[in-house]
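Before any comments, here is the structure.
Labels run A, B, C, D and E following the written order; every chain starts at residue 1.
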Amino acid sequence: ACSNEPADNSTAGGESEGTEAPQDALEWAQGITDTQIIVANSAATSGAFAPVGVPFNAGIEAYFKKINGEGGIQGRDIVFTHVDDEFDPVKGKAALSSFVEDEKVFAIVGHFGTPVVAATLEDLKEYGIPAVYFATGIGQLYNDKAEGRERNIFPVQPIYRTEGQIMVARAVGDFGASKIGVIYTNDDAGKDMLWGAETMAEQLDVELVIQQVAAGATDVSSAVTTIKDAEVDFVIGAAIQATIPTIIKELAAQSVNKDVITTYVNVSPVIAEGVVNEINGKFDVYGNGWVSFEGERANALAEFAEYTVGYETNVYAMTGWIAAHFFVEGLKRVDGVITWDTYMDALEESPINNPFGGQIDFGNGLRAGTQEMNLSKINHDNPAGEWVEEKPLQSIDSILN
Amino acid sequence: MHIDHQPNMDGLVLKIENLSIAFGGLKAVDDLSFEIKENEVFGLIGPNGAGKTTAFNCITQFYRPDSGNIYFKDRKGKVQNLLEHGVHEIIELGLVRTFQNVELIRELSIIDNVLIGAHTDFNATIFDQAFRLPRAVKEERRMRQKAYEILETLGIEDRADQLVGGQPYGILKKVEFARSLISDPKLIILDEPAAGLNDTETMELSKRIRRISKELNCAILLVEHDMRLVMDVCDRICAISFGKFLAKGTPKEIKENKDVQVAYLGIEVTENAEE
Amino acid sequence: MSTFLQVVFRSLETGSIYALAALGIIIVFRTSFITNFSQGVVAMFNTFVVTYLFRTMGLPLWLAIFGGIISAILVGFLIDIVIIRHTKKVSPVAKQIITLGMIMIVLGITPLLFGVDPLRLPRLIEDGNLTLLGADISYNGLFNIVFGIAVMVTLFYILQKTKVGLAVRATASNEHTAKLMGVPTKTVTLGAWAVAGVLGVLSGVMAAPMTSVTLNLMDEIQINALIAVVLGGFQTFYGPVLGAYIIGIGRNLLLYYGSSVWGGQILYILILVFLVFRPHGLIGKKIIKKV
Amino acid sequence: MRKNKTLLKIENLVVRYGAVEALKGINMEVNEGEIVAILGANGAGKTSTLRTISGLVESSGGSIVLGDQDITKTEAEKISAMGIGQSPEGRQVFRDFTVEENLKIGAFTIKDKAQIESNFNRVYGYFPVLKERKNQSASTLSGGEQQMLAIARALMGSPKILLLDEPSLGLAPLIVQDIMDIVKEIKQEGTTVIIVEQNAAQTLKIADYAYVLELGQVKMHGEASKLKNDPHLIEAYLGAH
Amino acid sequence: MNTIKKIIKNPYAHFILLGVLLLFVPVLAETGIFKVSYITTLGGAFIFAIAALGLNILLGFSGLISLGTSGFMGLAAYVSAYVTMDMNLPFEVAFLLAVLIPTLIGVLVGLVSLKIEGIYLAIATLAVSEVLRKTFEEFDFFTNGFSGKNAQYPTLLGTFELDRTGMYYLIVVVLVLIMILTYNLVNGRLGRALNAMRGSEAASQAMGVNLLNHRLIAFALATVYASVAGVLYVHFIKYSYPSIWSLKLSLDFLAMIIIGGLRSIYGTLIGALIVFAVPDIFLKQLPYFNQLSYVLNGVLIILVIIFYPHGLVYARYDIKRLFNKLFKKGA
């Protein structure tokens, strides 16, 4: 599937140890030919997760198209190959082994989905292949001093647990809440956010009223009734796209009329459009954000929209775009021979900017993904669905102070 | 269940006492009693819906009778009240049946169907079977041989390895018969074995029933509407109607019994049977 | 009291959705002898059609729903003609697997046709609440309940009292012999798939405004409808409807008064235990096979 | 001798089940108002013939013509609507229906309510036991009762041609006699009957014409009165095992 | 000459030959003839085939349908992961416990099956499986919830440390062993009794088959197979995630045995390959159709069932016929 032209002898181990070695002693890493840099990912692009996987990959491809259009990296085009793993760990594992051992790609960009990522994290570390951006928020990715074999893992996306903490921090810091309702879905997103929320609530000594709903549920009425009865003063909607509209609509239907905060995944015009009629005149829906569309970032957004026709407003496409951006920023910094080590050094060299705001620092082995988030709110007056930024990117500490 | 009296079963293999069962308001079998002697061919006749099949189902424990007792002298000569046994235990005592509507396994070969009749005669455990221990292998071979011999006596050994599905009705009837023979029963219950057989086949069947009863030393309880067969093979006959006893006797006595003629035989057929 | 009523009212609405879906499953089961695992995804597909007509084509909602009904009928016909008719030699279990294949096809095609974004479908009656004994019920919810019941009553009447119903039940009982009696079984089966499709899209259109139109729209409804059918029994058409309402209400009561985490599972276990004592559901009875 | 006009004509009919050739090109003619018997040993192809006429089995060759209409490829339900009724092998009652519902289905192709009513009266007259059991589920009937139900159900449709597949199977001698009488009676009313039976002697008594099948071929045919006395018949073809 | 013929005809020789052939996959992958990913894809398919074989005994032979296979397989996976990782006990102990515990529950379901039949049983087992899945999601201490549970390649007998290839070999060996055991079991008294139970409950009881015992045996066997598969899975993929063990997977198992052929041992293997491996090895490699592989797989399943309603094993007759035709024409 890929052309193995010159200088492609380095094997899976990534044996070029010393970064101090003179340039001409270095060999180009696998997956890099005179004309191409081959990268890959496996993601669920069919079945029930297609609505996430398809736009995500479209975002990655769009960004590479932009880069290639601008002349590529050191004159090489970035070639992106992809296999549909159907969210199945076996298939994801098989795909990864094929990428690294058969096709000998240079890096994995946008490794996707909790089950596949968790099942292959060890394999990745063993291979030593750089893996930039993980489309999942599992805790295993977090590392504050990655060294040696763990260095190659570069998470970017916010971790749901962090987000759960931020939500409670917002509720208390920005809205003065003391009794918070949490409606969470029984999936990794919901449960991780709950974990974060509980941790933070304990720290801040506020009361939580917790209700679980099934991911993808159509009837969440009993959970909402419980929340209503408890007379909370703020609600956390710890659920991703499919379920959050159900929760918000039920809150409106039962006139709970307390403000709601939810995860960055939902900060998309589509979701806003889906619920704006129901909440109008009743309560506000806030969302964490790790991207900002205001001011100077508007340009980045326009550029994104230009390349992702059909997915202009899709958050998952946006995250794919970001994934590719982080990967490319690292590449751009290497001048001369690209090996796995020179590449990883480049990523760690200094913080990398997110095109939509904020930055991530991989320096000194820090692998923590996005730590700062902003706050936006659904605009009641726009029936087409719109989020407007209320507060800029802030860390937990700055929210609480 | 506590048996307060041990019936006298000298010379008998089966004794039915005051058997009754009702479905809703309908008394399908009503205070029925009869007994079957060892090695005799006993006929049970009666109009459609008289309760014959229901009586069979009570004897073989497919139905639980409302009242009455069913005693059976098992292989070891011990008197058993069948009501104290589960359906699947009946065959071990030495009582086996066929079905009014053939009940065979279409996807198995004829010989395998016959071997099912020998199910309770195997000693090998699952473990023996899973690992094909010599014990299991030998036993399987022995039983297969026996089944083959039975098929031979019925003249269908050439089909032993054919599947049951798609076989003509007459063959199916024979396979059912063979399956009941392999367990060396003391009493075989046959429910309409001649249904669907043509004249010649019915004659053959009648010969076979007599022979089997002699050779295997077992009694046969037969339900059949084909009077030529019944009159030909039965030593004694019991006629019932609306679940109740009607008449009992030798074929000749039954044929001449007015009640039986009115309720069941009809005049013309009686003539036919005499032809 | 009012909270209790609140939970019940809201569950009635969900119950109606389950009931429509369950009816779709049972009608196919009784005519084609297929446990149709694809009822939900086909309904999801047709709900996407409604959403497409409404949002992209700009049709009024009622007209879009009408379009969805037409699409449901066409898809039903298509399934019967292209697939089900050719399964004469296929065993009932294998037919279930055919519906698994259909799930894969629909799940694969839908995002290609309608995109991957969750879409919004509004309620038929946007506003208004009725307050009854201290509990709220929206006019739309009320409409759903009444409409659902009306559809079901009509279906019952047709199935139990008319010749068409006799034809359907005869086809269900023994297709070959029904043909011998002059029952146009092919038309019956064709009709059953179409009706199942329509029941599906109706349940989808009722469910969609509570959530959003996504590939998973009907997942939960499908499982609960299947369980409703088993709880009610496969032998009647009203048993599953009863089962659907019991599940709708029972689930929410258990979630509310019991545990929001385990309520659903407790219900499953209760149903399981119930089945041990009534193996053929609330209404069903064992068909005795006389030997 | 066969004076009436031909109602049903079967030519070179071939039927296959996978590799098994059940009918190997048979020819038959059935005249209006006749009772035609089909005899033959087990597996000769009698049932296959009836099932092919009624459209349940697809033929692999040959033709079946009803009146002047070719019905070889016509679907079973249409054939039924044309007036061919059948009491099938193995009874095939609708197990979970009551006796009455079974009979109702038998009259499915009849539009006239009064006609249905009179058919009900008639079959209940023939088989009083069915009337007694009319609300009982068919699956719990005795073997013979089910057989009666199957025959009665076929009669409910007032068929022009009645196909009976071993109608006497499992019936008490008295009832067998009744069945034969009923067949004669409906013949009087102008119904054509094709009857498959094992009991050759009894059947030939009421039949006008008979075909003897063996291994999927017509081995013999002729007027019943003549065949009855043909020594070949019993010897050669009815006991082919 | 004769002995050679005998060996060729011997069913055990076939199983072993198949096993030997499968053992070559990693070698071929190393030489680049196969992709490395085939080791994982095929290993996965074989694991699923083992569970499907159990279901085939249950459904194919005893006629009892279960939609709970995935739940039991998952339970075994978690038990084995827990015992090796959290309790630090040897793989062999984990294996035993991981087979034992689910099987006990399986037998319980078998008890229920005496009363519940057909589609009712299918949905009842589905309910059991859903409850199990929920416990996988909620009992974090045991399953690590939605983060998923990791496990390691096992060390056999405390000395042989397996790696990916070693694990693959182990899977093939277990597969062949299970095929042989299954062959022995179903071609004897037990197989006949199970067949009889499915074909006619009345007849089987009248012939002395104890329905309760045999249903329990069938459920126990199906659960043992599913558990073995679960253990192999968790130590091959080194991971278990709650939503893997879903209705979808249980339906996939059904699809495998139906596509391959009910009551067919080789058929089950073929079915597992078609449902699990063919999409990855072939369909996804097709240009343009890459995006449609899911749809194609659905179409494939439907076509196979329509054209081979009794399973793809029957395709061998058609292939033979085709071969004969071509051969005759050529001659």
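In the analysis below, contacts are C-beta pairs under 8 Å (C-beta built on N, C-alpha and C of every residue); 3 or more make two chains touch, one makes a residue touch a chain.
Nothing here was measured: the structure is a model prediction, and the numbers come from that model.
Colleague: If every step must land on a chain the current one touches, say how few steps get you from chain A to chain B.
Modeller: 2
Colleague: Measuring centre to centre, with centres taken as mean CA positions, what chain is farthest from chain B?
Modeller: Chain centre farthest from chain B's centre: A.
Colleague: If I average the CA coordinates per chain, which chain comes out farthest from chain D?
Modeller: Taking each chain's C-alpha mean as its centre, the farthest from chain D is A.
Colleague: Report the inter-chain centroid distance for chain D and chain E in whole angstrom, where each centroid is the mean of the CA atoms.
Modeller: The mean C-alpha positions of chain D and chain E differ by 49 Å.
Colleague: So the centre of each chain is just the mean of its C-alpha atoms; given that, what is the distance between chain A and chain E in Å?
Modeller: Taking the average C-alpha coordinate of chain A and of chain E, the gap between them is 36 Å.
Colleague: So what's the Cα centroid distance for chain C and chain E, whole Å?
Modeller: Using C-alpha averages as centres, the distance is 32 Å.
Colleague: Which positions in chain B are in touch with at least two other chains?
Modeller: Touching at least two other chains: 53, 62, 99-101, 103.
Colleague: Which positions in chain A are in touch with at least two other chains?
Modeller: As it turns out, chain A has residues touching two or more other chains at 46-47, 186.
Colleague: Considering chain E alone, which of its residues make contact with at least two other chains?
Modeller: 134, 138, 202-203, 291, 294
Colleague: What does chain E use to touch chain A in their complex?
Modeller: Spelled out, the residues of chain E in touch with chain A are 32, 35-41, 44, 134, 137-138, 145-148, 150, 164, 233, 237-239, 241, 243-244, 280, 284, 290-291, 293-294.
Colleague: Write out the stretch or stretches of chain C touching chain E in their complex.
Modeller: Listed in rising order, the residues of chain C that touch chain E are 29, 35, 37, 83, 86-87, 89-91, 93-98, 100-105, 107-109, 112, 223, 226-227, 229-230, 234, 261-262, 264-265, 268-269, 271-272, 275-276, 279-281, 289, 291.
Colleague: If you look only at chain C, which of its residues touch chain D in the complex?
Modeller: 163, 166-167, 169-170, 173-174, 176-186, 235, 287-290
Colleague: Which chain B residues qualify as touching chain D in the complex?
Modeller: 23, 46-50, 53-54, 100-101, 155, 166-171, 192, 195-201, 204, 225, 227, 263-266, 268-269, 272
Colleague: Which of the residues in chain A come into contact with chain C in the complex?
Modeller: Going through chain A, the ones touching chain C are 46-48, 50-52, 54-55, 186, 210-214, 216-219, 221-223, 225-226, 229, 241-243, 245-246, 249-250, 253-255, 270-271, 273-275, 277, 310, 313-314, 316.
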